[in-house]
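One chain, chain A, links the two complexes that follow: it is found with chain B in the first and with chain C in the second.
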Partner chain A sequence: MPELGRAALVATLGLVLYALVAGAYAAWRRKRRLALSAQNALLAAFGTTLVASLVLVAALIRHDFSFVYVADHTSRELPTGYTISAFWGGQEGSLLLWLLLLTGYAAAAVLLNRRSARDLVVWVVPVLGAVALFFAFLVVVVATPFATQTTPADGAGLNPSLQNPYMMAHPPLLYLGFVGLTVPFAFAMGALLARRADERWIVATRRWTLVAWTALGIGQLLGAHWAYEEVGWGGYYAWDPVENAALMPWLAATAFLHSVMIQEKRGMLKVWNVLLVIFAFSLSLFGTFLTRSGIVSSIHSFTQSSIGPWFLGFICLVVLGSLALVLARLPLLRARTKLESLVSREATFLYNNLLLVALTLTILWGVVYPILSEAVRGESVTVGRPYYDFFLRVFGLPLLLLMGIGPLVAWRRASVRSLLLTFTWPLGVALGTGLVLLALGAGSSIPGLIAYSFSAFVLGTIALEFVRGTRARRALAGGSWPRAFSDLIARNRRRYGGYVVHAAIVLLAIGIAGSSAYDTVDEARLAQGQTIAAGDYRLTYRSLEERAGANATELRAVLDVSRNGDDLGTVEAGKNGYTAERQVSTEVGIRSDLVTGEDLFVIAELNPDGTAYFRVFVKPLVNLIWLAGLVFLLGSLIVLWPDAREQRRLATRYAAAGIPARR
Partner chain B sequence: MIALSVAAALAVFLLYASVAGGGTPSLAPSELDGRTGKVALAGKVVGRITGDAHANGLRFVLRDVEGKATVPVVYKGSVPDLFRVGRDIHVEGSLRNGTFVALPDTLVTKCPSKYAPE
Partner chain C sequence: MTLALVLGALLAIGCVILVALPYLRDPEPANDRLDSLGELEQRQLELSEVRDRALGTLKELEFDHRTGKVSDDDYRSLVGPLRREAAGALRALEPRSRETTASRVDLRRRV
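And now, the complex of A and B:
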């Protein structure tokens, strides 16, 4: 079996090498049949990578500990679900997953575009081949998942913190996002190589970017929820380099998704868009590099790591190579039009982009600075939470405000007077919300108060847009209100789906502000029968229970909870002792109030004498963060949904434009 | 042009922010001598762990990850699951009279399985 896996990966390596070399030659000399053959090689590479992945999955399920990878990451008593998720629990497996997703994306992108954008795809294939070649090289030569050994009796087990349902979905989703950004990158490079400076590559990859971006966003939120439930320190995001690794490409892709609209509508920002897609793709490579090379813990472990230097070399190659290409094609990328006014839709998009990129760069700096400092001055430095929180406020709050302003500003140029007229209602809502909250005592956190007022403003403008749109639709076509409403969305998915996503971001902002600016924590050591008060809650430590789980011993302190005298049942908190892995992990107790969105969050440190030390958090509105994830998904689906009308419009547009002459 | 100028301004601002007040120096026990300000201390837990993190403080000794220099540490606050003798940890605080007095809730274990090549 391991031979089959190894052979399949070698075949993949050969196929993607062929796709790169033959594809590039065919595109350069315009050999049609050779180009087709290179495309087919890319499709076949997905097949061989799939075979290799199935071999690994089969070995995991059969507990075949003669595979070093299987023995290192699973054990006999590990539940089947986690046994399969061990596929991406270690380095070699996650690199294989990268390659599998990449070849899958590449195959789908080639299949779907090879008729409609033929002259682009011939150049896209060698670019995809080059990226796949790197990962195929890694899993064949540097870090193979198919190393074998004499079979041990049992495996080492999976890291307990990865034994959580979220960890089955979070890493694949992030990888779906990381890898998905390869597609717009490859199309952008393909367009430059083919000397096509129009927005065709953007139109062809818009949905791919959206899929990747949605997966990254949802994956990131699942990771946050995992941290909240499993890591057990009372928060959901710690600005850890590994978390930032996923946030940065998402922010860059967000900027990209917005700025491409300017190129589609006004033919501006061509260079900027290409730079953004290079930035986003490089960040996704950098993110994989951060989590996989060990550079976060220290430079020392980086030089010991097998893949770190390779990764760094590849990232440099990608950045320098693509920048050189942009430079070479600069004359082609001149804009048709200029920015006419600093008060216009284009301008707000530009501000949005600058803020998003600035936020991304500050986070990048926070991640890179400690590493650079260690390399240059020999003294490591840690960049802490205050740094990130400061910049999140400085750049994030204006972004929130812009989200309300942007959609209502006219294209080309708008007058300040008409703006004020448009914003009468939302401004009123925002001011009213601010004043009411101030009266309720929310002034204890100024950033929180600002975030809430801005949120109200944005929600106000979104509601206004829906109301105005529905009213106009009904006036035009008649019919009932709900009918007009659904028609409105169906006829303009991009716009109204976008608003739904905006609403999700507002929910996220409210949740983050509520749970970070207005949370409380109380702590005490309790003997059984004693009580701790936290906000409106009272918790009484009733008993200590021990029970056997599937692969762990579960110790739980049971607490009776009441709020303002009402009995709310019990909450359990404690720890799991994992037998095979010989580790303990804290298991927190959470009681969510689905009406107010508030969580009661309990951490218990159990003492041998039967007492326990409790930390009790009350986190208002924290559940809006998870709700935001659902709304975000809904909005993305609305935008992603196939749109026949749009396809027809595009087809006519490109038929009219014809295939432009080259050189 | 606008983009470029804003980017340049941002770069300057960033450098300023990170050099002036962003980072806390991260040191090994052997580098602590003479430092009085707030630092992050990184090292390996050795010897015996005594005391109570929620009362008078948890007491343990940190040694250079690769070296012999050690420093006693006293710490209060929450203790991560992975904290035990032999782990690499880092903790923020400052040196007072030969003992490193840690700030509450700053103890973080460096979890090798999470980042490192396996």
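And now, the complex of A and C:
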């Protein structure tokens, strides 16, 4: 069926080209039926891309090695789950996934907004069409997943690093995030093209941005967990260029989600918001470029390809085109209100934005500098961990503190008296925590101690906000405490859901500080029966076991673990030898303590004489990082949950302007 | 190959029908022009945003005052301008919404 796949992708290319050209002409000449036809073309493009994707999935499941892509990325022995995940395991499949998600997002954005925001959608369609055209061109002309060959007996298999359950969810979620940022970008450009300076584009895209941002956040955490389990170096984030590629758009989108509130509450920062959307979208394209072009050497980059120049050209086009449009519409975007005080909620949001953008730019420079150095001077340069860690402290710690300050400061301005009233308790909690930790010996890492104290401050503020809010709701409406609490959240999901997300970031900060500033590592070469001590743990190398896995030979060193004399069972670490792929992977042993959040992490290098070289890490609080993911998801869901009251208010607003009644 | 051709042809036909649907449904429309927001309606929308913004901030201020986050002095200094802003937007919207409704009714009558 490769012909069907190819035909479907050619149809997609034609449809998105039509959406771009007909959509732009219809919006310019105000042609109603042509505009609707262009919208339908985007819907049809999703259908054709879905057909192409199903053809590829069917070929993967059937082990149809006449497809070059299937033969290059799977083998007969590969378990079915990983066989399906090979869809995004290679270059061509990844690009097809981008296109599938993009046309899916585009179709959903058109369907959900074609009535309520139809005046904007007419301009959004050609923008979405233009972005989709680029990716459709890539999968039709440059990197087709439907190339065929004489059928070989077996395939080359999937890179062992990708044979991990987290790899079944991590790339699709990252792509959901990357691609999802196209929607706010398209609406922002649509609003500028339509000469609309109101908030309609923000209202229409708030949830899309949140979905993309949540997917990107969760995707990164799953990626970090994959790196922790699979890469076998003892960490979860190495400031690798590809890891940074996902972090940068997430940081830019975080800045946008905050600054957009200033536009909604105060009518300010219109230009800044549009610029942030362009920045976030361009970074998502840059991230895909970094991952897919093979331009950087990365443990996460599994391809070398020729799509780099195409991507660079497209990114330049997007950045220059959108900035030119912003410049052309500057007079429309002037704010009518000003910042009244440097001590106000909007000012803290502004500081937060500046820090987030500064952090993003420093990371971007760290990623770009080695590429530029290689290209311009021919010198290979590496920007290492100290650079990123330094700037993470410089910008990250004040950001953490601001998360606590922001919610306590009123909009417009706050007096010293008000600040004293609200800051007393959280400050007390932060100082108390700092002193207790200092007494317990946490002063060995000053940044770690500061991070913990700031975290306590933020958690204190969040708790105070919930307690005061619930008390006030109960005083207003009566009823039980749980009822008042749920009412409080239901009446302002954005604010209280946001606090839950802040709590997740605090958990993340505590987990990172604990596992990086206070971790320990011990290493030794052991013969069977010998013991290594690591912190409070003692590990005895009991035996070496060999067993057959689904598609690999598993070799494991088995260690008996005890802590302070208590037997904790065994932990296994070793190697997997993959037959079809002819590769060996490191398989680490992890023993998690869910009560303390601590991990015992073991890496084993097995020697032919039966001895093994062990590296044993004790990582305090590392499990809080993964717990943060769950809390982050909960907070995001609270914010994303439909708010009937808000929808009624918006419906009234747009009905008053006659928008739903329009053709 | 044959099955692929048949499926491909069906897919192409489906796409053409979907894209042509607005023309098939409405071959000879009385009006094929997309409406756009007039100056009056744009202004109406901007005023509605100002009103919603002021009312929202006012509501939040009341709640923050009730929780004790905003002191009495801050509340008194902030609530006045906010109320004036909201009242101003409401006043400005009042005749406009009447005007817009009237013009729409007038337009419908003429059609």
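In this text, the second predicted complex is superposed on the first by the 645 of 663 C-alpha atoms of A that agree within 3 Å, B and C clash if a C-alpha of one lies under 4 Å from a C-alpha of the other, contacts with A are read in each partner's own complex, and residues count from 1 in each chain.
Keep this in mind: contacts are C-beta pairs under 8 Å (C-beta built on N, C-alpha and C of every residue); 3 or more make two chains touch, one makes a residue touch a chain.
Here the structure is a predicted model, which is why all the values come from computation and not from measurement.
Undergrad: After aligning the two structures on chain A, examine chain B and chain C and state clash or fit.
TA: With chain A aligned, chain B clears chain C, so fit.
Undergrad: Applying the document's definition of touch, where does A:Val122 land relative to chain B and chain C: first, second, both, or neither?
TA: Touch status of A:Val122: second partner only.
Undergrad: A:Leu640 contacts which: chain B (first), chain C (second), both, neither?
TA: So A:Leu640 meets neither chain B nor chain C here.
Undergrad: Would you sort A:Ala108 into first (chain B), second (chain C), both or neither based on which partner it touches?
TA: Touch status of A:Ala108: no partner.
Undergrad: For A:Gly469 in the superposed arrangement: first (chain B), second (chain C), both or neither?
TA: second
Undergrad: Using the superposition on chain A described above, determine whether A:Gly308 touches chain B (first), chain C (second), both, or neither.
TA: The first partner, chain B, only.
Undergrad: Working from the superposed arrangement, determine the closest approach of chain B to chain C, counting only CA atoms, in whole Å.
TA: 24
Undergrad: Going by the contact rule at the top, pick out the chain A residues touching chain C in the complex.
TA: Against chain C, chain A makes touches at 1, 3-4, 7-8, 11, 15, 18, 26-27, 30-37, 40-41, 43-44, 47-48, 51, 119, 122, 194, 196-200, 264-267, 408, 410-415, 417-418, 421-422, 468-469, 471-472, 475-476, 649, 653-654, 656-659, 661-663.
Undergrad: Could you list, by residue number, the parts of chain B that touch chain A in their complex?
TA: Touch residues, chain B against chain A: 2-3, 6-7, 10, 14, 17-18, 22-27, 31, 40, 42, 54-55, 78-82, 88, 90, 92, 110, 112-118.
Undergrad: In the complex, go through chain A and note every residue touching chain B.
TA: Residues of chain A touching chain B: 72, 90-91, 143, 159, 232-233, 242, 272, 291-294, 296-297, 301, 304-308, 339, 350, 354, 357-358, 361-362, 365-366, 369-370, 373, 379-384, 387, 390, 523, 525, 575, 583-586, 603, 605, 613, 615.
Undergrad: If we count contacts the way the header does, which residues on chain C are in touch with chain A in the complex?
TA: 1, 3-5, 7-8, 11-12, 14-15, 18-23, 26, 29, 31-37, 41-42, 44-46, 48-50, 52-53, 56-57, 60-61, 63-64, 66-71, 73-74, 77-78, 93, 97, 100, 104
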